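First comes the structure, then the notes that go with it.
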Amino acid sequence: MKMKVGTLVFGAAIGLTAAAANATTLEDVVARGELICGVSTGVAGFAAPDDQGNWSGVDIDVCRAVAAAVLGDASKVKYVPTTSKERFTALQSGEVDMLSRVTTWTFSRDVGLGFEFVGVNYYDGQGFMVPKALGVTSALQLDGATVCVQTGTTTELNLADYFRANNMEYSAVNVETADESRENYLSGACDVYTTDSSALAAARSTFDDPSAHQILPEIISKEPLGPLVRHGDAQWGDIVRWSFNAMVVAEEKGVTQGNVDDMKGSNDPEIQRLLGTDGDMGKQLGLSADWAYQVISQVGNYGESFERHIGVNTPIGLERGLNQLWTKGGILYSPPMR
Amino acid sequence: MSVSSTTGETSGGSWLYDPKVRSIFAQVVVVGSVVALFYFIIHNTAVNLEKRGIASGFDFLWEPARYDVTGGFLNVRSTQTHWDAFMAGLLNTFIVAVFGCLAATFLGVVMGVLRLSKNWLVSKLAAVYVETLRNVPVLLQILFWYGVFILMPKPKQSLALFDMFYFNNRQFLGPKVFFGDTPALSAAEQEAMIHRMGEVKYNKLVEASGGVENVPAALAESVKPVFGTGSWILPVSLIIAIVGVVLFRRWAKKRQENSGEQLPVFWISAGTIVLFPILCVLLSGTAVNVQYPELIGFNFVGGASIPVAFMALWFALSTYTATFVAEIVRAGILAVNYGQTEASFALGLRSGQAMRLNILPQALRVIVPPLTSQYLNLTKNSSLALVVGYPDVVGTIGGITLNQTGQAVECIVITMAVYLFFSLVISMFMNWYNKRIALVER
Amino acid sequence: MSDTLRPEDQLGGGLPERAPPPSTVGIQGWMRENLFSGPINSIGTIVAIGIIVWLLPGILEWAIFDATFVGVDANGDGSITRKDCLVENAAGLMTLEGACWVLVYVRWEQLIYGFYGSDGSIWRPTIAFVGLLLAIAPLLFDKVPFRRALLWFAFAFPFIAVWLLGGGEWKLSSVLVFYGLIVAILPLLFDKMPGREILLWVTKIYPLFIAFLLFDAILDTLLGFSIWNTLLGPLAVWEFSPLPALAEVSTHKWGGLMLTIVIGMVGIVLSLPIGVVLALGRRSTMPAVRLLCVIFIEFVRGVPLITLLFMASNMLPLFFPEGIELDKLVRALVVVVAFSAAYMAEVVRGGLQAIPKGQYEAADAMALTYWKSMYLIILPQALKIVIPGIVNSFIGLFKDTTLVLIIGLFDILGMAKAAVTHANWIGLAREAYVFVGVVYFIFCFSMSRYSIWLEEKLNTGHKR
Amino acid sequence: MAKSTRKTTTSRSSATTRSQAAAKKAAPKAKASNGGSAATVPAAGMAVTDEVAIQVSSMNKWYGDFHVLRDINLTVNRGERIVVCGPSGSGKSTLIRCMNRLEEHQEGQIIVDGIELTNDLKKIDEVRREVGMVFQHFNLFPHLTILENCTLAPIWVRKMPKREAEEVAMEFLTKVKIPEQAGKFPGQLSGGQQQRVAIARSLCMNPRIMLFDEPTSALDPEMIKEVLDVMVDLAESGMTMICVTHEMGFARKVANRVIFMDEGQIIEQNEPGEFFDNPRSDRTKLFLSQILH
């Protein structure tokens, strides 16, 4: 910390700040009193500013959960919107403490780029949506079609691979944002709209006539979306991982934002460990004992977050599907808290 | 920094006041600081890259791109290399720049002249055009035109003109002409077709066409050359026509110098260049196959096509740049003293001649330098292609490749080098032109 | 003489002035002269009328007559969204007939202030904006009431604006660097101010102080030893607010039109002096300095701004030792300033070249040093000549601020795009773009009108 | 008042100096018989014929609402040399610019060489071919050499072979005494030289009438003389000339008639001797007293 102070003597006037290389990320965040979270520039339901200018979405809730766990206040987050092009640089350079922006967990990103994915907050897969009028029932009938695809994502690589593997031709309409995809698709500039099926559903829900469009059964890729941190700071990785896992465990155990205070008196040992009434998990993470209590009381459990932002009662209207708890037929599964 | 070092009020030996010593000292300080800064940057970058495990170097260019480049004028498959993708991007940038400059010049000259029109309504309308479009960011205009073009009919409801030209919200299509005999698909071509469409489908196609040799040109497009055997007559006759026109123009000039008679040189030259090759092709009996776009499946297949993203970009760039060109042209014409026009009239020149012989040559001196910098601006603005997904240099090497490989430094350096090259070429032209037209004065 | 002098020629004058024939004056004459003076002219008029009739009604219908303006919860679902703009069409489907300006109505605060207002401190940018108008007025126009006082205010304004918008506490060194500038420049601008002699000393020491801090920073990075920190001890890390304390609002909350203006103004204020220095450098007699300036100018002018912005967002973080980072807004500002400074340098160079050689010689003959002759004689003339060019580059700079959305900053266009990403407002891209376009038009058009006005004013000045 | 119905001249395409020669031949025959005082007797060779060159009748012109030319009636005979003077803004330049249709008139008639000036482009072209004009600011073409300036119109309008055009041009450049400057550009010449080139350039078209629009007012005094010398030479060769100028010495020496204009009207016209010595109108007296002090 001391080492770079001199540089800052001059730098502060021009906005140069130090993330203090010698300290751990946790110490930095605590010292700063604020978590810096890299998010997307706007994906409905996952991260988007509402009419009051507050960020909200399931990705945002992960940031909030970490802030609640570390600082005891879910609102102490600084959201840094990043484009898909610059998100990794932002994390690498220390501009953000963590990234929670619909980023697919892949081998090359985890290993090659030097990141650590700490969990999956949405299991997704790339699918296709077509107008029903087209009469297409399978993705294998899409030879020669024009496809709307967002650039700079794994989506376009999957698309290329899939069509190639099936000896089909396509031409792509490359767009930058989800909204542009939607415009292009609705106006018929492309026959097919491909992206993660969650986003497809989200987009379809906003159409004037959703029933005229269908999502094809083929899911051509695995898209586990999750938060990630820099390699090399194991403690920080653990904190982010377990802040998120706490939300999942809370749902498994039926702990909600509403009943979390009552649950403090629960006899279930896992709930006791979770809420810090038993054991020293918080201490091991370097946090206070009630870290998970703060997460649940301020952010809620995973199911609550899901229903609040992207569930069937929202304009996005997504089914839980794969993201249902393992106990209810999904694959959402948190390692045990012990 | 150089400020403080050259104005420092230290007293001392007389050499301190020697301007030469001061100048050298200042330069050493400046150069030293810049070198130190660069060392600092390069050192940090190397350290950072190593820490992040990003290999530096340009080897990634020869690796498979893993993404397809479509929607431009050259399609690249995901199995081809990043270099191929870059080349496709370069071609796309080049095409939009060249056509943008042409259209901007044409529209700009027209608008500039209309703004000077004596017709109040016309000049005001031109003024509204110029003032509105030049004061709105070009990025917005690109987005706007894209929005307009994707509201055109879908492929199945395409606007058709003579069943040859089709306009829809994906492409503008027209017939494509093949010259010379197009032989039956060779073994290699057949293989390419099979690879492209799968064997089952290919066999079906052959069956439907009644034999390998009858496979529709539309589907064989990507493996068939535009110029088949025997098509040599076209380029050769074109060259002959051009040589003929050059000779004819010389002759016409001599003739005018000798006898004073003037021939309609322009119309004769244009006619020869267009008609002579056509006549040669027709008379020599070279096969000419015209391939019309056909709606097969989702899209039109065959024919010559222009993607809508290109149209939007092209429209926006040329209408935006044309406003500046219009102002330049207007200023150029106004810069030529009206006395020049009057003197030309007084000598009996007609207004067309006055324009061609006196006004234009003088106006061009004023027009060309700012015009070339507008061309450069247009080329640079074409980098905004990425907002409509037109795969130019910034979209391919500076975009997807950068994103997929993480080689930020290399990709950005390549992208910048491309534009620097363009600007170097254009400024070389400028210098040459300025030298050529410099007015001799006392 | 007899055949040359005819009685009717020998008019003694006194012919009354007559009104021109009716067909050449009045509305009829005006139309004949300006709309139908010949066949080509008449065709032009008809085509022009055709274009107007073809375009105008559709535009007006969409933007005004069929549009929904005010946010009323028309469909009664408890919130105001795009659904409140839908109208039932002939086929019984709910569609958008005209523009849905409700988007702008509801998102107004975000479009103007970004996320600044989320903690109720919108008054700060609002006051800053009013201050900006007050500060600009005396610079733009000669005849402004209280011009002298306002000029002083204009000079102090950037520092007030930083305090108002940014707030927060600063280290002593930053305060000295930033606010020291005001004291250092003051005596250069005002000849007859009290205490000028003392302030001139500050002016002389200031560059040395900056050089010392830079040197100290390098020393600290390389050896881990800082003279400044050692000398001052705890004072070096003591943080305080140079003006009455305001809560810090970090730059990631800045957005909308406010951010556009911030980037535009910073670019304008900084690019001019840097451009002047670059232009002087390019005409310097020192080959090394000249070469460096030429390389910088030509490099920056030769590449698109967007690649420079990519560089700022993807490469700049690599240039600093790990753990040190530049604020994203600052990175964008650095690029925007460098970009417009290079263009400015070329404009200024044009002015320098237009100054006759005699002026340089006269300055030399008066035994003025290089900097004094530039400051007192050459630059005032050169800058006056190129004022229209400078304003034009400002317009270009202002339009280019839209590109920052490509690196994820939410300027007014970014904010508008973010608005139509939200589920409530999806599909209203056209409204968003038109709104942003109109805002830009207002700014750029007034700047260009101002430039024309100024040009005319300066021209008459020359004739006098 | 001979009504001029002269047929258009025979083709001049090959006539290098024929009309010049003709004019010289005609010179001795015609004598300005009734001159008045000796000082104003035109030099030998200046012949005035009965043939009408320019006929302006009841001509009116407005700029917008401003009545610039009021009821102008003027007949210029072939071989006549007329000097037009008057205060600035009196419409004298406008008047001669109407004569080759650089300005349009709204009422009345202008007939030049038997051709009435109307909107008919063909007729305008014909008139301009026969009428040369010299401007106050020379209006040479800066991008062309002196020689090219002179050959431009003969080549493109008269369709003269280049070599012939160059010969003619050199001949006239010799006449205005600057043949050695032929290869230079206008920017390299002095004002007086430029104006002489401008005269030569007009003469290369073999005009029957020359209009001068204040040819010396943009020149330094010593240059005025060299230009006036050329104009005097030209007058002696019998050219029909209309000069707007304030060079009263010139007017006395060569003019048959001096016209004084004010407020868009012809106030007074007379042969130079009468005009200068016995001005009739008060306005003229005032004007003369101001310029001849």
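When the chains are written out, they are named A, B, C and D in that same order, and each has its own residue count from 1.
In this text, a residue touches a chain if its C-beta (ideal position, glycine included) is under 8 Å from a C-beta of that chain, and two chains touch if they have at least 3 such contacts.
All figures in this text were calculated on a predicted structure; none of them were measured in a lab.
Looking at the partners of chain B and chain C together, the chains they share are A, D.
Centres computed as Cα averages put chain A at a distance of 41 Å from chain B.
Averaged Cα coordinates give chain B a centre that lies 53 Å from the centre of chain D.
Rounded to whole angstrom, the centroid-to-centroid distance between chain C and chain D, based on C-alpha atoms, equals 56 Å.
Chain A and chain C have Cα centroids lying 38 Å from one another. Shared interface positions of chain A, defined as residues touching 2 or more other chains, are 85, 89, 92-93, 183. For chain C, the set of residues that touch two or more other chains comprises 310, 314, 317-318, 320-322, 406, 429.
Shared interface positions of chain B, i.e. residues touching 2 or more other chains, are given as 48, 51, 147, 386-387, 402, 408. Pairwise chain contacts in this structure: A-B, A-C, B-C, B-D, C-D. Of all the residues in chain A, the ones that touch chain C in their complex are 2-22, 41-45, 48-54, 78-83, 85-86, 89-90, 92-95, 177-180, 182-183, 186, 202, 205-206, 208-209, 314-316. Here chain D touches chain C in the complex through residues 1, 34, 36, 48, 50, 60, 62, 64-65, 67, 70-71, 73-75, 77, 80, 106-107, 256-257, 262-263, 265-271, 280-281, 283, going by the rule given at the top.
On chain B, the positions that touch chain A within their shared complex are 48, 51-54, 66-68, 70-71, 75, 77-79, 147, 150-151, 153-155, 169-170, 195-198, 201, 296-299, 301, 308-309, 386-391, 395, 399-400, 402-404, 406, 408.
Those residues of chain D that touch chain B in the complex are listed here as 13, 100-102, 121, 125, 128-129, 131-133, 135, 137, 139-143, 152-153, 155-164, 184-185, 187-189, 198, 201-202, 205, 211.
By the touch rule above, chain B contacts chain D in their complex via residues 256-262, 337, 339-340, 342-343, 345-350, 353, 357-358, 361-362, 365, 437, 439-442.
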